[in-house]
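Below are two complexes that have chain A in common, paired first with chain B and then with chain C.
Presenting the complex of A and B:
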């Protein structure tokens, strides 16, 4: 058995097969079980070392050679595979409740497989091409058959496509910088190219306009899936650059650039989220803020601490977005749009979905007892150690998020006084939302439960890590 | 010597085809020009890559063009013979494209100093595609044009990248991206409402 075949080849195969399955429930089950199985295998079977189960010896080799280059998944990547496929399983199981399983499972599984390929490919620089392929698969996901492609989807395509050339070319220039480190002009050009590439990929301020646009034209569930998957892997890809190039890692300019772009995203996204009147757009701005948090986390010193904060927020982000997106999709099936005017008072008929929206939003804002609290607290502590001014601006961004959450709550519960209470969600929706919300509380109250998964992640970055 | 002649011939094709592509309205002309651009890309990539690998660029590009063409053929557009051959604001577009090309030509010697050995013709061709593509991208929201422009920018990048990277895997992956982008474009065109799609961008 071969690790790239197992975690890239099999999901791609299942994705292709699921395109021909017309049944929503079967699709969701197939996608969810495939992702869950891959996650469990990554959890229990080590890569590249023999595992004895009775008389059977099982070994998953790490590399696969294609066209003279390697796809390699090592033991250090195991925890990331567990998290990626574990959260993907949650998304796929929830896709039936959201009514998008026939779209999400084939394309989503393909996207996850390509994102895993981007982690596995050597040299790591080629990851940009796999991320671009994943983005291309995102287009049919965002624009289902019979729906006009919106401006958001087009901009998404443009931004993700423009990112790839910048990053590939920057990678080539960085090799030149390594051989002549004193060449300031070359260093500046390479860093600018790299920065532009990542700015497009991560939708860094002001290149995030496609996110709120998508929120108005696409299903919140598929949008949430992309908002989770692409930035998560892009951050890992970015960490690869920091790990590989010493001069980049130790550059003071990089740290201040990360701080500036991160805080701009947090403050701008937070303030926009506070004043939106559309629940989908609010989620999009919160996704912008979450990416801002991750970028800010990268600037924390020492680097081992930065890695800890980045990885600590991975699971809460995935879980929070899944709950939020599912809840919005359930509401959208009942109302015309997610504008405040349309969702006013739906808490009386969809209390669980509304709870999901509000709790996921509060979690993203770092509200105590919820999953987002531990990573926000760690980030805040790390930033305050470097700069109190940054910590203050972080507070402004978080206050924006909290204001948005309170405004949403106020509108969602604003029903006529004697409206009857009811449970409009189906049983599947109730179970999925219940599990998700419970997860948000468990991660908030007992963050140490994910510690075994997170402690091995820094091993992926031998220079940047501990 | 022959190789140099061919490379400058390719640059000539590009400098004619790319600005023209920004102003023609008919999709048949646009796709014809795109096919010509891929021929020029092939000739420029041939400066650094062996023939067998360079041909991949040509074949992939033409396959992508064919995919777009077949989609547009099947869409059976309601043609309006009275509409002009050029889009509105053509003089401005040509002027803008001309300025970008001038900028590229004047900047080429300096860029060549950064990337030695790449060749002036390759630099002019690649940068002209990327530059005019980016300029045009800022002026249109039409699905077909956006996809064609993205293909052009990618082709420009591939010309430049071929000079510095000869990996077979990269060639294969970039071809897959080109084809994927064309297929994505075909899908988006199929989803588009013909009436809306014929509306031209911002000008």
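Presenting the complex of A and C:
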């Protein structure tokens, strides 16, 4: 057995097969079970070391050579695979309740496989190409069959595509920087190219415009899936750069660049979220803020602590977005649009979906008791240790998020006088939302439950981390 | 383990009631289950007294180098009185329910028991992390319960606004933590930096509605006597307990005199409205506000025992008044024991209120004495008011017994806590202002029926939005919000329009130029 074949090849194969399955429920089950199985295998079977089960010896080799390039997944990648495929399983199982399983499972599974390939490929610069391929798969995912892609989808593609040449150019220049580290001009050019590439990939302010635009034209569920998957892997990809290039890691400007771009995203996204009148756009801005949080976390000193904060927020982000996107999709199937005017008072008919929207939003803002609180607390404390000004701007961003959450809540509960309460969600939707919301509370009260999954993740970056 | 056992004794019967209500709606013994739960929880709280201090710690959050505190609960000489008062209130709510409702709907009792379980956790919270977690749980459950109980969109909106003010209080505690980290330590009740104490005080004031003066919750909904009382008083107690944890030295600041004046003014306004409220339920928000303001004044004068005294009086005396929904002349007179609890006379619950480690700002004294006088006079007026309550003597004997027992338990606890069980028991305190307040109260109670301006105001005058200057402040904030919103719309339109990519690239070029300068 071969690790890249198992965690890249098999999901690609299942993704291709599921294109021909017309049944929503079967598709969701197939995608969910495949992702869950891959997550469980990554949890229990170590890569590149023999596992004895009675008389049978099982070994998953780490590498696969394809077109002259190596795809390598090591033991250190195991935890990341567990998390990625685990959260993906949640998205796929929920896709039936959201009514998008026929689109999400084939393209989503393909995207996850390509993103895993981006972590596995060597030389690692080729990751940019895999990320671009994943972005390309995002277009049919965002656009229902027979329709033209909207402006948001096109801008998404433009931004992701612009990122690739910048990163490849940067890689080409980095070879020169390594051979002549004293050449300041070359170093600056390489760093600028790299920064531009990541600015496009991570939708750094003001390159995020495609996110709220997508929110108005696409299904919230598939949009949420992209908002979770792409930034998560891009951050890992970025960490790879920091881990490999000493000059970049030790650069004096790195910390200030990360802080400035991160805080810009947090403040801009937070303030914009406070003024939106469309629930999907609010989610998009919160996704921008979440990426800002991750970038800010990277600037925390020492780097080992930065890594812990980044990884701590990974699962809450995935779970929160999944609950939020599912809840919005359920609402969107009953109302004309997600504009405030259309969703006013729906809490009385869809209380669970509204709870999902509000709790996921509060969680992203770091409301105590919810999954987002422990990572926000550590981030806030980490920044406060360096600068009160940064901590203050972070507060402004969080206040923006909270204002957005409270505005949404106020609109959603303002039903006409004497409207009766009811439960408009189906049983499947109730179960999926219930499990998700329960997860938000469990992670908020006992963040240590995911510690076994997170403790080995810093080993992926032996120079930057521990 | 006594703390979690007690909490479970309140919460498990509540959950059992909810499950039975769903599965067996015709079950006949709902009330007995609620009574059993309330009674066992109450007894277990008295058992705490023999084992104080008690500590219960949940598993520490991981990774350990990121989280410095574990959720921890401690019962000591300041938190136990809060806990016993909440437990007594829960038991009294169940006992007095026989007067108010038929015994087939267990949901109000389940709500009261559940709130009490969470409330006991809140008052025993031993560090800010634990406190904000329990506050959040209380706020979310209150939000949910309130939203279920109102019918108009305006009322729903007010509930969300109330929730927002409480969330701001949580935010201030977290900001105090940030300030501590900046000073090189982690926020802890035992070792708190000087500037953090003031933020905690303001956080509690904000949640209670005293700083700035506002009603931190929507006007009274249909949740009236039972669960409504539990919600109002538990929530107030959970905020007041923070004031008992602030080290006396950490509220000393150049701002303290101003805070004294603000708090005293809030106390006067709310006690005046309480005195003139048409009935005790309409005035209940102002009862909470006036006692909270007095507790804040005690906190500013560095008297944690004083804060506890006011907080416990708020729950016990308030509970006796608000739960006494049936008229009986001797019971009405007995409720006046609650007025005694507010008197700050020696050996009463609030004896140590004005006996703190720091002096009360001299300009605040007359205001505080006036506020205390009006609060007590208002209490006496509402307790003795003939009103429209039904007569207890016309009810069956078991109703009379259980109702009297429920009210009696609250009053008995007031008397007991004056003498035993906590740091503020058996105190003589500062008796001179207490005597002055006593005399003024007697005068005010005598004058009330004779002076027209002291007569009750109409119910609709008691507005949920507070004073007009607060409205002005909110209008200003709203204008600012709209202005920033318009600006954000302009930028959004530019970025998402046809030229959006070009605008983005322009900004990026500026950003890179700036960063390359920083890099040099």
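Assume the second predicted complex is superposed on the first by the 464 of 466 C-alpha atoms of A that agree within 3 Å, B and C clash if a C-alpha of one lies under 4 Å from a C-alpha of the other, contacts with A are read in each partner's own complex, and residues count from 1 in each chain.
What we mean here is this: a contact is a pair of C-beta atoms (placed from the backbone, for glycine too) under 8 Å apart; a residue touches a chain by one contact, two chains touch by 3 or more.
Small disclaimer: the values here were computed from a predicted structure and weren't measured.
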Touching partner for A:253 - first (chain B), second (chain C), both, neither: second
Touched partner set for A:40, first chain B, second chain C, both or neither: neither
Which superposed partner A:21 touches (first chain B, second chain C, both, neither): neither
Partner chain in contact with A:68 - chain B first, chain C second, else both or neither: first
Partner chain in contact with A:451 - chain B first, chain C second, else both or neither: second
Contacts of A:415 with chain B and chain C, given as first, second, both or neither: second
Of chain C and chain B, partner touching more chain A residues: C
Partner chain(s) touched by A:207 [first = chain B, second = chain C, both, neither]: second
Contacts of A:271 with chain B and chain C, given as first, second, both or neither: second
Chain B versus chain C as contact partner of A:158, first or second or both or neither: both
Overlap of the chain B and chain C footprints on chain A, listed as residue numbers: 158
Residue ranges of chain A in contact with chain C within the complex: 155, 158, 188, 191-192, 195-196, 199, 205-207, 209, 212-213, 251-253, 256-257, 260-261, 271-272, 274-275, 305, 308-309, 312, 345, 347, 367-370, 374, 377-378, 380-381, 384-385, 388, 391, 395, 398-399, 402, 406, 409-410, 413-418, 421, 445-448, 451, 454-455
Touching residues on chain A, where the partner in the complex is chain B: 66-69, 126, 129-130, 132-133, 136, 139-140, 143, 145-149, 151, 153-154, 157-158, 161-162, 164-165, 168-169, 172, 185-186, 189
List of chain B residues in touch with chain A within their complex: 114, 130, 137, 141, 143, 146, 150, 153-154, 157, 160-161, 164-165, 167-170, 172-174, 176-177, 180-181, 184, 187-188, 191-193, 196
Contacting residues of chain C [partner chain A, same complex]: 59-63, 65-67, 71, 129, 132-133, 135-137, 140, 147-148, 151-153, 156-157, 159-161, 163-164, 167, 170-171, 174-175, 177-179, 181-182, 186, 481, 484-485, 488-489, 492, 495-496, 500-501, 503-504, 507-508, 511-512, 515-516, 518-519
